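Chains: A, B, C and D, in written order; residue numbering restarts at 1 for each.
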Amino acid sequence: MLSGDLRDRDKRDRPTVVVRYRPDPANRLCLREIGAGLEEEGVPFRAEPVERGQDHATARELAYAAALASHLGVGVGVDAAGNTCVHHAKLPPDVPVMAGPPSTARRMGHNAARLVVGIAFKK
Amino acid sequence: MLSGDLRDRDKRDRPTVVVRYRPDPANRLCLREIGAGLEEEGVPFRAEPVERGQDHATARELAYAAALASHLGVGVGVDAAGNTCVHHAKLPPDVPVMAGPPSTARRMGHNAARLVVGIAFKK
Amino acid sequence: MTLVVGVDIGNSTTEACAAEIDEDGRIGYLAGALARTSGVKGTTENVAGVVEAVRDALAAAGRDPAGLHAILINEATPVISGLAMETITETIITESTMIGHNPDTPGGAGLGVGTTVGLADLPGCAPGSPVICVVGAGVDYERAAEGINAATARGVPVTGAIVHGDDANLIANRLCRAIPVVDEVTLVDKVPLGMPAAVEVAEPGRTIRTLSNSYGIATVFQLDPEQTRMIAAVARALVGNRSAVVVRTPTGDITDRRIPAGGLTLVGETARRVVEVDAGAEEIMATLRGVRPLADAAGEPGTHVGGMLARVRGTMSELTATPVGEVRIKDVLAVDTFVPQRVTGGLAGEFALENAVALAAMVRTSRGPMERLAARLRVALGVPVLIGGVEADMAVLGALTTPGAGLPVAILDLGGGSTDAAVAADEARVESVHLAGAGDLVTSLIDSELGLENPGLAEEIKKFPLAKAESFFHIRMEDGTARFFDEPLPPDAFARVLVLTDTGMHPIPARHTMEKIRQVRRAAKERVFVVNALRALEQVAPRGNIREIGFVVVLGGSALDFEIPDMIAQAVAEFGIVSGTGNVRGTEGPRNAVATGLVAHYAANAGLRGELVDRALG
Amino acid sequence: MTLVVGVDIGNSTTEACAAEIDEDGRIGYLAGALARTSGVKGTTENVAGVVEAVRDALAAAGRDPAGLHAILINEATPVISGLAMETITETIITESTMIGHNPDTPGGAGLGVGTTVGLADLPGCAPGSPVICVVGAGVDYERAAEGINAATARGVPVTGAIVHGDDANLIANRLCRAIPVVDEVTLVDKVPLGMPAAVEVAEPGRTIRTLSNSYGIATVFQLDPEQTRMIAAVARALVGNRSAVVVRTPTGDITDRRIPAGGLTLVGETARRVVEVDAGAEEIMATLRGVRPLADAAGEPGTHVGGMLARVRGTMSELTATPVGEVRIKDVLAVDTFVPQRVTGGLAGEFALENAVALAAMVRTSRGPMERLAARLRVALGVPVLIGGVEADMAVLGALTTPGAGLPVAILDLGGGSTDAAVAADEARVESVHLAGAGDLVTSLIDSELGLENPGLAEEIKKFPLAKAESFFHIRMEDGTARFFDEPLPPDAFARVLVLTDTGMHPIPARHTMEKIRQVRRAAKERVFVVNALRALEQVAPRGNIREIGFVVVLGGSALDFEIPDMIAQAVAEFGIVSGTGNVRGTEGPRNAVATGLVAHYAANAGLRGELVDRALG
């Protein structure tokens, strides 16, 4: 288990928010908006398509897995339709920080960043 | 990988500092002292003997693995002689927070706790 | 054995003290109780609250109400307070000379100076002369960055940008040449184009240095001394900001206007003085000291202060069923405060902290309703109701049951509407005073200074310590200690300042830091209670000399506060007298003094009992 | 074209301004430079600093030193300052009545009252009477908890504990009945046994309520009013603590002693007044206003203030090679401050904040050394050295090169040792004043109020903003913004307050919160610079009326501060005049005014040049 954890950590030597998404043309704009929200707040992130076999994961499941993989403990999940969810590694899997439809993607990016920065969420 | 992480998380539903130690009569007192330091600061912890095959790990390696396993990101490692090391999951593996001989065990416990609480270390 | 209950009807709280008195007048205190005062103090509406407090006290004492001999209520001079607040300054921007708001995430750092040009017009700009790019609503950050980069490539020095969206860093990160970018300028369309402008953004954690300095603006726009005089107010308004824009329009201006609030006429027993409300609290209080004791106060009709006092007077008249003409204002407390207000003419929802004056006024009404109340109470409870001694005398008697308190004693009763004080050299000679301003004024200052518009939350902020949720599993308290939780906090608490009430943690929906809220809270308490405590002691002390008082006993609901007693202790420490929070009967803390005093008075005057009962029944 | 360099030798900094002047007296400014002043201002030690500044200015201007026509230095009246601080209160505990320290982790919560008993003696206690258990050094927490539980089981009510080690929660967690536990009492062996005692611990984030209240202590120990008067100081000393112990010993006492610091004699030109230093800064400054202008000041021999002024005078005499008897103190600035000091007689290393007074004294020395310095400089640089106009006149000339500044102008030169001001209705009539107290006093107040004993760190705290390391990868700045790092911060920065200097982040090794350090820093700046700015303007303003000044230009090293200019702007805002930080020649900011003024003066007085050169050479 130790070695497994270490291998995983090699990938994440830099502290980043992890964005996990289902590769789908329908959510491409969302991804850009999430990234914009994170960038405007000055928090580094990396976006990763989901691995094979995870094609049925919901935005929340993706967000939670992303949070666990994040050095900063914060993850964003994006489903095929562009619904987003923000999660934190220290929260129970079924209690995400927030979630929303595609139209809220930019705000989700801001708030994922603010979770890291520790300032109050953007409404 | 997601499921692996989740299984690991089942064990640690409560946020705790993880103390990993080599089971050895020589370090029993140290463990008690580390626990005392953590308890006095009011931070929950759990102590786990190392798994088979890890018998050669140093205090620092144990501490880092413990930090990764900790919901709070803070781990303490204790080697067979009672040397202790405090580590944080967000630090590089070879840069522990602090380490010391058996006589400093109580202080290491205090400081592992303070790492969580976010107050300055005890000298 | 005679079973009696002393009852004190306060503006906010009705307190009861149950006791048995033996043949020799020795008192066995049984229990205390309290209830919310129903209706306005001294009116027949109070019956419900009194009945509740009496019932609870008897229940706590384990005594049958049927055995009750009498209810003792005090001969209160109903003292009722009113509050009003008036803004006395106003910031107005004519044309758009200044954008002084503080977006969370401006981009870049430094100072840029040039002529304002819309993004779409950049291609038409001639190389060589510096410009400030204005990016309107709906423009994507990539397009904005491309447009600016293209202009730079053509030799047009773009030195700064003013942006509608929350895009400053997105744009700044995509530029070939770093420039300061101010974003979230909601009314960006109103920024005049073709005008000289300057954009400044400070490094994180710092404040701007050029545009908040008159000579900085003068340097940027090459102003002469006369022109510099005109823009001094702009610089002043920008002090303390992290980012700012100044556009030089031909007639643009910003003014710091004083709103004529009107004159307050203070009528003393021998003198009469008028003071302008916008002169501030210090001036008003100094004038008041000059005419004291106050007989009445009036505001100039047609002015803000006129309206203010008319409102207070009207409310009092209504509550006490007294004709408006007979309502007399017997004390006034003025407090300087500030109110966050939206700047007229601002382009980005700028707020300015405007100065304001809060006035608490205290009105003394006639004794009339007390007698009617006693009659109603007798009907409701079926026992004799005696109107006992004067409230202040009773409070002194009750306070003296505090262990360690002795004569000469002064009491300070910190209530909701008024701060009352009394001094007794011995138990017979009591001097008392009722001052306007107490707990409710503190609550209302907290509410307005933090811009909460939520008095319930302000009351909680007053009464309970703060904390900040630093993660989902721990909070940090005002004193720096951390507390851990097994269950995650709700997301709406995250990174927010919380008030730790006895019914749970409540997030404060405002952008203030914990330290700021703490400061506002403590300053409000200082300005009301420390000021009033000293004012009150000064007025009741023998020869006005506080040092001649031996013991100060602090009483009342606000004495339960977690920091007010410490503040008062510190303020009177220099007089070298014993001062502390009362502990009535060694058990009740600062509560129940008047109710206890009524029982003590009754026991001591056993011989008069028959007469008093007769009077109450008569 | 004539190449000259104007040089201003300040207490801390030597500034140079290189310029070319044409036949018609038109000036072409080339470059400015600065160097640390070598040695004491106005002495021949300054040569090295001047040579460095001149060389740097010429290099920056790209000019050959061989072409230099003359060096212009100002006719400075050397003004040197001295600092001293004296504690005027002292807290002494006789016998061990009180343990007022604040351990990080006390255990339990609430109040316990009983007789003090050593852990080993618990088995001998009779059931029924409450005890406070005293746990000595080296006792294991499990043994302590077992002992207390055994006693409780036998019916001995153990109501609180006083513990040597950092064990409070370890013990409290193992008890069958919850009690308050105060730990880390280093001298626990000195706690008297067999005495009535009370232990109080507040909930996290709160402060104690009973032992910090005189009547609370009176209730606990059943004191009468006379006894209560005796313990009032104990309650006062415990205000604001999270935990405390009070032991009632027969003769125990705590006193708040005022240390007689001695009298300060202020000799004015027409009057002479004596003021006691322990009366505080306000009294001293009021007395000073009464005798102004000050001719000299003296301290009562054999007292603290006597020693203080003797030290200042001695240092000045040594530095300036003037006989002690000829050193005259021309201004004094007194500032109230406090110093954390260990309490005499404390049992747990208690600290108390003692009041102190800091005095800055300004001494004017004779002009003598300037002439010698000019001669040495001529030798060192091989060019004529001209002693130009008066420093204040030159500063005004230089300040007027600030864009937007006009007449009537006042300058405020905020230096290291002194705050200098000058006012000019026109360029010929300049009034000036030199006041004691500036940047160095701010640094020393920060150092002592925070108990740092590290002036270098205090200087950094003065000059740079603070942040707190909240994790290994981010810090939070004073204004709440966070900054992220890719590399982890060093462990010694963790959870510490950092000062963000230009050479990196330095952890502050003290237990103060960021807010506390910020407050101390800002208060020190206010008390020195705002006070001195107003004092200075008042003294130079026409008819003492600041409103008659048109423009205030703030200059000097301390005007580079990130918050002092804002503070001064705010303080003079109410006078409705233009005020801001200078921007000499539109480029130099608040630096280089005197050096620039020297050049301007030289150019304007072209006709006098020959004469001046002769004088300098003569």
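In the analysis below, contacts are C-beta pairs under 8 Å (C-beta built on N, C-alpha and C of every residue); 3 or more make two chains touch, one makes a residue touch a chain.
Small disclaimer: the values here were computed from a predicted structure and weren't measured.
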{"item": "Pair exhibiting more inter-chain C-beta contacts, A-D or A-C", "value": "A-C"}
{"item": "Chain pair equivalent in interface to B-C, over half of contacts matched, among A-D, B-D or A-C", "value": "A-D"}
{"item": "Centroid distance [mean C-alpha coordinates] between subunit D and subunit A, Å", "value": "48"}
{"item": "Cα-centroid distance, subunit C relative to subunit D, in whole angstrom", "value": "32"}
{"item": "Cα-centroid distance, subunit A relative to subunit C, in whole angstrom", "value": "43"}
{"item": "Gap in Å, rounded to a whole number, between the CA centres of subunit B and subunit A", "value": "29"}
{"item": "Sites on subunit D at which at least two other chains make contact", "value": "470, 473, 480"}
{"item": "Shared-contact residues (touching 2 or more other chains) in subunit A", "value": "15, 42, 90, 92, 118-119"}
{"item": "Residue numbers on subunit C that touch subunit A, as the complex places them", "value": "104-105, 141, 166-170, 173, 470-473, 488, 491, 494-496, 511"}
{"item": "Residues of subunit A touching subunit D in the complex", "value": "14-15, 42-44, 72, 116-119"}
{"item": "Residues of subunit C defined as touching subunit B within the complex", "value": "470, 473-474, 476, 480-482, 484, 486"}
{"item": "Complex contact set, residues of subunit D against subunit C", "value": "204-207, 209, 212-219, 222-229, 232, 235-236, 239-240, 242, 402-407, 465, 467, 470, 477-481, 483, 500, 513, 515, 550-551, 553, 562-563, 565-566, 569-570, 573, 577-583, 586"}
{"item": "Subunit A residues touching subunit B - in the complex, by the definition given at the top", "value": "1-2, 4-6, 8-9, 13, 15, 51, 54, 57, 61, 65, 68-69, 71, 73, 90, 92-93"}
